[in-house]
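Got a structure for you, written out below as structure tokens; questions coming shortly.
By letter and in written order, the chains are A, B, C and D; residue numbering begins at 1 in each of them.
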Amino acid sequence: MSLLSRYLMRELSLFILFALIGLLGLYTFFDLIAELTDLGVGGYRLSDALIYVALRAPANAYELLPIAVLIGGIFGLSHLSGSSELTVIRASGVSLKRLLLWLCLIGAFYGVITLLLGEYIAPAGKRMANQHRLAATQSMLVGDFRSGVWIKDGKQIVNIGEMLPDLTVVNARIYEFGKTLTLDRVIEGHNGRFQSKGNWTLQKATITQFLPEHAGVVLTKPAVFNWQTSISPAMLAVLLVEPAQMSATSLLSYIDHLKRNKQKTSRYELALWGKLFYPLACLSMVLIALPFAQTQKRSSNAGVRVFIGIACGLVFHFANQIVVYLGDLYNWPPPIVVAIPTLLFLSAAGLMLWRQERR
Amino acid sequence: EKADREKQINIVAANCVMNQKTQASVCTKDVVLTQGTLSIRADKLTVRQDEAGNQYVAGNGGPVRFRQKMDGGNDWVDAEAQRFDYDGRTGILKLIDKAWVKRGEDQIHSDLITYDLNNEAYQAQSKPESGGRVNIVITPKKAPAP
Amino acid sequence: MPGTTRLLPLALVVLLGSLTWLLDRAASLPGSAVAINANQPDMLVDKATAVRFGEDGRPLSLLTATHVSHLPAGDITWLENPHLRYTAPDQPRLEVTGERAKSIKQGSEVWFPGVVKMVRSASATQAELTINGRDMRVLPQEGLASSEAPAIAVMGTYVIESVGFIADSKAETLELKSKVRMSYEPIRTR
Amino acid sequence: MLFRKSLIQEMSWVALGAFFVLLMLIMTTQIVRLLGQAAIGALASSAVWAMMGFAAVRYLPILLSLMLFFSILAVLTRLWKDHEMVIWFVSGRSIHNFIRPVLEFTLPVVILIALLSLVLSPWALEKGQEYKEKSLSRQEVTQVAPGVFRESPAADRVYFVENFSGGNGNNVFVQVRRDDKLTVILAEKGGLYLDSDGSRWLWLAKGKSYEGLPGTASYEMLEFENARLRIEAGENPRSSPSTQATSTMALWNSSLPEHKAELAWRLAIPISALILSLAAIPLAFFNPRGGRASNLLVAVFSYFFYYNCINIAQAWLSDGKVPAMLGMWPLHAAALLITLGLFAWRSKLRGH
């Protein structure tokens, strides 16, 4: 990293950091407002809300980093070109290609940060935040539906009412099917605890068994029932977080589970591919910043160019999200769906740069 | 006729209640029981059958009217009474209150007449306290025409 | 052109006004779907076999029909070609077959209009009772079957015709309402 | 009065730009949240755009206030940076002369913010919630996607269809909860459809249904060739409007601490916007020789600090820690004092 590229890096990073703090401030502010409505629920105090919002910051950062890189990049570069340092750098023999390379390096650096954030820090932060909030409000972790979490596992369809922060489950009901669409058993357990791989124990269980050919219904109420299932607490935890915030590893294991149970995986596959391409977004943001920043200081529309640059970046980020949703809705192949917007923007940025250079 | 007892019993009535536990049927209003040549008309009739197939019939009416063909010959027995009780096992028919039996030309009136279907003999008693009269009219049998 | 100094408030007001108007229009959805009128069926089933299990888990009633339709108003279920088999521990098995049936109060009372055949199986103390009649009303839990129409009952050697009857499995009685014609062969033991 | 016109004009352009960027920003994150909900069927996909509109109206007051603060700050900083500020001072202008144009620029927007925060936002929240419930109950027909569990709006029905072929699902699983009875239906084929008069039906072919009270043996099992179940529109109970959705008038009349706190919060937005806009003037002081963007950082920090104080004050008010009568006035008074202090400090600095 030559002196010049290090200087460029430091300069841009300052602006990117500045943009990130501004944006993060805005988002934590919105999160706090959302939390205020829950104050007082089960002893949820203001300090708990502040901790919860602070723990969610990494997740927000993960979502905002590309935009911050864009805004920081544009401001940084236009600041450099404004003080004509950029022209000095170009004049001192740095070809466009080398400049682009440095920018790519910077973009890649932030891409790696995004990857780290998305893979470890954000999910952990989110989980701790949820756990803290649950402990504070003594409420339970419930899945997407009011009827709790639903999982299909082989010959069983399982409904978990609630999951406590200590990963034990409450109000579990398991429908066990026979061969031709017949219900063999309904197992209900007041609470269940994970024992070892493949089995849980349910306390205060009730088993309703349907004998074949309408012969009768047998009811047994064992105090403890050993429930054989491939469902693991990790899988339950996964279900309680939106796909976008799951780490790639947990996404991979869950997709594998879904495939084994002939369940639709597109929503989670899209999230997985999205996560892989997301760091690339930082790279493209930096490259998009360059064409917009290369202006003369005095030209009247300097502000307008900056504004357009930011707008384009936002449109890109917006498009990224919409495409993922449409992909899920119309079952487009995930890799392509996720790649299109990024590639489109990279080529647009390249085109602008090329046009600018030629002039 | 003795043979009646083997015959099918038919009951016609306005209303009947059969109780399977006691194998008894209670019929009321315009009840007509027929078995072979025997026919009984009563307002209320209770019929019971025991495992051996003996019929126990009781009932009342205003009055109850009996009619049965005698064995051998075409003489008929008619009888009436306010109440009656027939015990199939013993074959004894008791006619109670204002009972009269008319067989061929003979007639008998009494408070209580016991008629034994086996030997077609009847016996009349009056109720002592009521000073009832027993009035028997025997008409000699005309010798059968030569 | 109004003074450019008024540019910002003007732009914002226009934006705000249009956004609110748009939202109001978009949000004025017609009420939720057509109100459910209660006398329209809310369940239709073809070739149905319904088995109800008792508290002890043993099958209590089995009802088959070629077509079943349920009306929310009055919670009435109509069945075509119904066959009811009721097997309660405290009474002999009851089987009723008819052209149509109307079941109300969750099946505790079933009305069989038209031609009906009822068979109450024999028990220790009572012979098998078969009644062919019309417009029969059955209350399975109470073991009661009754009708006001003419019917022919056969029980053991008894053959009974009447207009209207009440058969009570639990009390083991059979009341014949009117126009009774009963005949039976005395049991021959000799 | 070229000075006043040019200043306001530039601020207006920057404000519009900033407004668009902030709005786009909010929309991006809102869209992610709403699309997530639509994906799991908690929100009708047709309602996503309208719900975004409602979310926009809800966040607008804060956006506008941020826009004002940012645009004044940006323009004044530029003036300092381009040394134009010095020219104005030389020609006899002092820092106080900026107050009139800034006020002229800010007041109409502050009024707009007040209108939004006191009237429109609560309306948007309430209408949004109502619209969401209505659109959800109408949307159940298209909800059963293959391989995914779906719950009906009133949460009394859960569907799972193994895979789709030709528009109807194979291996259908439905759980229906009505009063305390639970019914499970399994069928080889199934699907949802609308009949002629618009009511919604779930049809199932070759299946079995098990209905009973959980934990008892008295079940009723139904085997069928095919069955059609009409699905009532989920008339879920009208959720009581959260304090944020209750109208300002209702808040005014009610004596509940939460309502007083919400009212104080709604008033705080326009007031803080005004105070912050004024504070932006001294905060924009930029010493070209001194620290580079340090004053911007201070400004941003003070903005968020003030706003978070408002939030915390609201929390205390609703807890009753702070008497409702007092409200947030002391906070605003303190902010105003700091602003005046800043003006005094700046002009003194300039005056030596």
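Criterion: a residue touches a chain if its C-beta (ideal position, glycine included) is under 8 Å from a C-beta of that chain, and two chains touch if they have at least 3 such contacts.
These figures come from a predicted structure and were not determined experimentally.
Each step here moves to a touching chain, and the least such steps from subunit C to subunit D number 1. More contacting C-beta pairs link the chains of A-D than the other of the two pairs A-D and A-C. Measuring from the averaged C-alpha position of subunit A to that of subunit D gives a distance of 20 Å.
Chain centres here are Cα means. That of subunit B falls 100 Å from that of subunit D.
In this assembly, the C-alpha centroid of subunit A lies 53 Å from the C-alpha centroid of subunit C. Subunit D has residues 13, 212, 216-219, 221 in contact with two or more other chains.
Shared contact sites, meaning residues of subunit C that touch two or more other chains, fall at 49, 51, 53, 57. Multi-chain contact residues, meaning those touching two or more other chains, do not occur anywhere in subunit B. Contacts between chains, counted with the stated touch criterion, involve the pairs A-C, A-D, B-C, C-D. Chain contact summary for the complex, subunit C toward subunit D: residues 3-9, 11-13, 16, 19-20, 22-24, 26-27, 29, 31-34, 36, 40-57.
Looking at the complex, you find that subunit D touches subunit A at residues 13-14, 17, 20-22, 24-25, 27-29, 31-32, 35-36, 38-40, 42, 45, 59, 62, 66, 145-149, 151, 155, 158, 160, 162-163, 171, 173, 175, 177, 184, 186-188, 206-208, 210, 212, 214-219, 221, 242-244, 293, 296-297, 300, 303-304, 307-308, 311-312, 314-316, 318-319.
If you check the complex, the residues on subunit D that touch subunit C are 4-5, 8-9, 11-13, 15-16, 19, 49-50, 53-54, 56-57, 60, 64, 104-105, 108-109, 112, 116, 120, 124, 127-128, 130-131, 134-135, 137-138, 197-200, 212, 216-230, 232-235. Contact residues of subunit C toward subunit B in the complex are 125-127, 155, 158, 160, 162, 171-189. The touching residues of subunit C, counted against subunit A in their complex, run 49, 51, 53, 57-59, 62.
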